[in-house]
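There are structures below to look over.
Common to both upcoming complexes is chain A, partnered first by chain B, then by chain C.
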Partner chain A sequence: MSTITREGVDNLSIDRGEPEWLKVFRVNALEKFLQSPNPSIKSDTWRKTRVDKLNLAEIKTSSPAFQSPGNKTEQQVLERFSERAGAVFSTTGNSWRVDLDEKLEKAGVVFVPIDEAIKNHAESLKTLLESETRNIDESKDKFDWMQEALFNCGAYLEIPANLVIEKPFLVVNKLDKSEAGCSLFPRVLIKAGKHSKVSVVNAFVCDDELDSTVDGDVKKLSLVNARNLIHAEAGSSVSYIEVQALGDNCFMVGKSTGNVTADASISTLTVGVGGYQLKSEISTRLLEAGAHGAMLGVVFGDMNEHMSYNTIQEHAAPNTTSDINFRVALKDEAVSAYQGNIKVDKVAQKTNAYQTNKNLLLGKSAKADSIPKLEILANDVKCSHGATVGPVDQDQVFYLMVRGLDKKTAEELIVAGFFDTVLESLPDKVANDWIHDLIKTKIHKERA
Partner chain B sequence: MSAETAYDPKMEELKDLGKDYQYGFHDKEDYIFKSGKGLTREIVTQISQMKKEPQWMLEFRLKALDIFNKKPMPTWGNTNLLNDIDFDNIHYYIKPSEKGEKSWDEVPDNIKNTFDRLGIPEAERKFLAGVTAQYESEVVYHSIREDLEAQGVVFLDMDSGLREHEDIVREHFASVIPAADNKFSALNSAVWSGGSFVWVPKGVRVEIPLQAYFRINAENMGQFERTLIIAEPGSFVHYIEGCTAPVYTTDSLHSAVVELIAKPGAHIRYTTIQNWSKNVYNLVTKRAVAYEDAKVEWVDGNLGSKLTMKYPAIYLMGPRAHGEVLSVAFAGDDQHQDAGAKMVHGAPDTTSIVVSKSISKNGGRSSYRGLVKVYPGATNVKTSIKCDALLLDEDSRSDTYPTMEIDEKDVNIEHEATVSKVGEEQLFYLMSRGLNEEEATAMIVNGFFEPFTKELPLEYAVELNRLIQLEMEGSVG
Partner chain C sequence: MSADSPLLSIENLHVEVEDKEILKGVNLVINVGETHALMGRNGSGKSTLSYTLMGHPKYKVTGGCMKYKGQDITEMPTDERARLGLTLAFQYPVAIPGVSVSNFLRASVKAVRGQEIPVKEFRKELKEVMDRLGVPKQFLSRYVNDGFSGGEKKRLEIMQLALLKPQMAILDETDSGLDIDALKTVSEGVNSLVSKDSAILLITHYQRILNYVKPDHVHVFHEGKIVLSGGPELSTKLEEHGYDWVTQELASTTA
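Moving on to the complex of A and B:
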């Protein structure tokens, strides 16, 4: 039995006063959702996940009452990023703008909750949504269709041409802790105008107390199904940081797509530090000459968390470059399955693509899979990838202990250093500090 | 060495051969027995009866046939080509002559001429310890040096092996690759014929290689040889196989099963130079087990065939066992070389190395597909995988699909892969030294393959370089 029904989708659309085209969009997605089979852990993209433990019939998709930001988790994030361009807060079924720099608003920046964008910026939004549908329809699975049918919060950001903004835009998505089995379907759309520069921090959080919500031995899972789309116009530069810091009964499915046009660049950093299951697909499509995509990853799992990250570098035009550095550390019995795919189309000559995935195993029963793939159809290219799996180097630990550090501190330093090769390229100090703190807390977290 | 070989002036005469596949000729079909097309219980039973096999083997075959019929086609790899295979249009068993001869003179003339043209007896005289030549489904010629025989080394075709050493065969046959492993191992198990059986006694080192030569002659032929090599503790053996077939417009199927068992401290090296014509499907299951302190090496060259799907595997089941796969693939027009390696670490202190080199040209596609699996408890495992691919023109394609499943913390796993074209600077350097572009490219390609060729016996390395030279001709410009 599914709680996701035609009636539910109709009501969602009607309650929000959505235009007809969006209703059609949602109903079409619902049909596809109902037809699609449940993803199997035997399939390539869902291997080693715990999707078989997720009972969609137990997930509540209806919107609870309005809830304002006030709880400490989201407040802490907002306070950290006090130097910001603007913030949108999202929770089950609702999102609203916390603030937006007045100067930027005057300069033509649009930064609004998704439902406001549907009302006031329908044309650009429609183009974005439909371009995405056209391009990757056949590769969508049940969770993608579910997101399209039900997305009900999130943000829309549009940067006018030639505007360079250093301060980050912040989107905070909070999974409601009031009841188990709740869900969040946020969607963030970013459009960077020609030669503009923008950075966005998209955070997924929940309250600490949620961590202990366990019904006996059967855990009731909550679901986050997030979609993110970035469109970088010619010469623009987008930095996107996604922080996934959820509780141990949160099942998160995320999909992030970046479309990079001529001489533009998108760099993403995905930080996975908490969740029953974190499953993200991050793809960068290099559509025109001179496009560049960088995808960084910092993933740190403990207990029996499952982390599954798929990255796709798609080179669809000549003279494009991409770079992946995805690092995974695992404590306790944590499990990770990383898959990376470099695809080079026939026309994409002079491609330069690099991909590295390193896995650090800290826990005795930690498990890491790595599947870095290459599919190369052009000949004048440079593509390479590397992957390693190994424990903490005991020589390094010994060296640090000889210098007077205890074992725990020594290991902490080594783990921090392992991630630092990714984080050192991050220009935003606030985000950098936050990620460091999240990692540090986790290194010291003891089993309850 | 490779470069000098490639530019030996004597090689000039090879130019006349152009790009033609030189083993593409075929003989008139004159067989003692040729099964009808298609696969039935009757044909399987008939094969077993003609071979006068024990009852358990017949039962094994029939059970395998049921498994084959039930198993679906693989849903990965080149599924388009796989689904083109018409299992009802294949001759599953062809018997060319009455028995395997020990003297070359007694081999029927037409078959002898074939192998003479392929240079087999000559090769044997020069440097081999023993030769088996298989024509269609049966071994037609077989010899082994007397001194090895005196030491107790058994080198027979698989059918004779079953007759003469039934106990050893029964104990080990299908113990590494059960019939149910995959659709093609099930097919082989049902209709297998020929192949080699090698048993090396404890402590015996066979210093010069044993060789088998496989030839498909008839159209729509299915060759299903079955090879089993058992190296008793502390022994060593090197086995080499080569494969060719005529060029027909319809496709033939080669689906072998090769099982290697390296007992404690034993060392097996298995070298394949596969040069099937471009109408052969080469779908082969090769797997080795290496026990304590044993070492297994697969040296695997894939030049021919329409579609090759072959992933030599080594199960490292005893402490300190070591496995290596060294493979090269050359994919030309209408070819897909889907090759790779599987390393399964089931014991502590085991180590493995995979080196894969591939070249794609004229629209060919080469894929590396690999697996490294480390089971819990297999501590202090070290693995290194290195894949390099060269793409010679814009119509060709290269894929890398490695999988690493690591269930143990105390391990050291490394994988790296690169795909590129022939370096402009390297070409420029060589051309400024007076080579033309074609020669320079061939030299770079030979250098690229060198880690592989240097592992081959000299004569094979020369042959391989010559084949690459032929394949490379006309590839520039």
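Moving on to the complex of A and C:
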């Protein structure tokens, strides 16, 4: 029985004591959700995914009792990022703030769980939510509406103008291990004030034990449906790292949108290292002159994992620049689909857009697809894109073996290097080390 | 291996690449303490020999065998050959983007020596080798051969040899593409590999490097086999008269 009903949404809103406008927002989304068809694997954005294997009726959307962070998975992440500006945790339906640097709080930084933001920062939040609704209503699908109707955890971060913060803000979303079929609907909203600088690490993790939850022969899937919105005001600089490290029965749908205004920049790094299906759309909208968007991707699949990434670099104003470097490596029978959209509006003259997608196939049965999509309406632009798909270069392997490395070690070194060409530009050493470790573990992982 | 058995012996070696026979019966014996120069025109099969000695999967041995320290290595995987002390300095070293020179060197020293070396010790060893070969420090943080000039690539090859200290080093056209100063440094690097316990096979088509590295034996390679062997004087004769007289002489003896 599906819990995605009008009654469920009403109760969600009432239980949380939400204001009327939000209830209306949710109910409107629910109606759209019910009207929307299930995404089809024949559609452009859902091709090569396993969305047909996900039975939404089996997903429980009710919130379990409050849990405090004491578990090893989140503790490990916390310990890694001991040098941080603050942390917010979410598990199924609940979020709480772990900490926030006192000096930053005094300086006016707001970093709170999303339900607290609904109570205390309603105006800002409402503006953000509604701006999003107005802008891209027509492109939303069933999962987007589902997220709007049901979001129940996440964080709100607001940085005052001119504040430069080097340490990262940490958001950890953990899928509860207690039962299969559970769900998480986190929403992260980031607002960087004029000329501020901020970095955020948004991590999706789950306990190892979840991996083995098998119901008969059919895996019972859990769902993460995440939404992230970044608003970078003039001259600000936002670094956003999203780590998707979920178990092999987790179906994740994620959408991340960055709005970049004059002379501001948003750099995103998406790391996909675990999930039954990871399906992300990352878009950067360059709204005013001087805006810059960089989107990096490091995706590593194995076994039967499916990884699907769509990037959108949308140039909506003149003199804007964007740069995409998305890299995918696949072991075993893993499958990936990358779609890179470059959109240049008629007014966006002097656009400079760059896109590269490289795919390394380590397993004989691994498959990677790469599709660039260009929609260029301006006539004075520089756009380039390139994609490669292929196995590890045997001459590279031979070279390393001539120096004594066995074949496996040689290939591992080459794969690590393949990702390092992306990760080298990452300024945050802690995040960088963590991502390296996640990749390394997966490289060394033998088939069970 | 018995004390008097050769370090490397190649017996009637036949090799095919993509169904085409390139090596047509190579015979060569190299003892410890010896430096051999293998000379010949481009396309005569010299590089095929070096790749085959290291076991590149594209090169198929269809006849004969290779023995190293008395052990048949014809079917042995490349990395095992390397760990036995055999290695190759490439004519065209491949770039490996994302893998830094220092990471790569540590991994290969660890593999060849069979154990991890303490970082401090490794750095010291590295510094000594780099100073000696005039390799700048920046090399270490660059990606292996990525964006390297021809000369830089050759220096890196020699630097690896100096670190790994192979007992049997094959140098494939290590002199090509080097200016005279680089040639001198690289040659010094090669000379430092010479010892009474090791041997070198130097593949070249110029006599130039032999002004700095003195071979004990010189062989002429022609159409997939060694057709003439002699002492150092042979290389001088080749430099003066080219390879034509060798082929002419061959034609007259086989006629």
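Heads up, the rule we're going with is that the second predicted complex is superposed on the first by the 446 of 448 C-alpha atoms of A that agree within 3 Å, B and C clash if a C-alpha of one lies under 4 Å from a C-alpha of the other, contacts with A are read in each partner's own complex, and residues count from 1 in each chain.
In this section, contacts are C-beta pairs under 8 Å (C-beta built on N, C-alpha and C of every residue); 3 or more make two chains touch, one makes a residue touch a chain.
Everything numeric in this text was worked out from a predicted model, so none of it was measured.
Mind checking the superposed model to see whether chain B and chain C fit together on chain A or clash?
fit
Residues of chain A touched by chain B versus by chain C: which partner has the larger set?
Result: the larger residue contact count on chain A belongs to B.
From the overlay on chain A, compute the angle at chain A's CA centre subtended by chain B and chain C, rounding to the nearest 10 degrees.
Once the structures are overlaid on A, chain A sees chain B and chain C at 70 degrees.
So, does A:F418 touch the first partner chain B, the second partner chain C, both, or neither?
A:F418: touches chain C, not chain B.
In the overlaid three-chain picture, which partner chain does A:H385 touch, first (chain B) or second (chain C), both, or neither?
first
Now for A:T5: first (chain B), second (chain C), both, or neither, which partner does it touch?
After superposition on chain A, A:T5 lies in contact with neither partner.
Taking the superposition as given, does A:P372 touch the first partner, chain B, the second, chain C, both, or neither?
first
According to the stated criteria, A:V402 is in contact with first (chain B), second (chain C), both, or neither; which is it?
second
Quick check for you: in the superposed arrangement, does A:K364 touch first (chain B), second (chain C), both or neither?
A:K364: touches chain B, not chain C.
Please provide the least distance in Å between a C-alpha atom of chain B and a C-alpha atom of chain C in the combined superposition.
The answer for the closest chain B-chain C C-alpha pair is 13 Å.
State which residues of chain A lie in both footprints, the one left by chain B and the one left by chain C.
none
Applying the document's contact rule, which stretches of chain A touch chain C when the two form their complex?
Listed in rising order, the residues of chain A that touch chain C are 393-396, 398-407, 409-410, 413-414, 416-421, 424.
Taking the touch rule as given, give the residues of chain B at its contact with chain A in the complex, in rising order.
376, 389, 391-407, 409-421
Mind listing the chain A positions that touch chain B in their complex?
346, 349, 359, 361-391
Which of the residues in chain C end up touching chain A in this complex?
For this pair, the touching residues of chain C are 54, 56-58, 77-79, 82-83, 87-88, 90, 93-94, 96-99, 103-104, 107-108, 111-112, 143, 160, 164.
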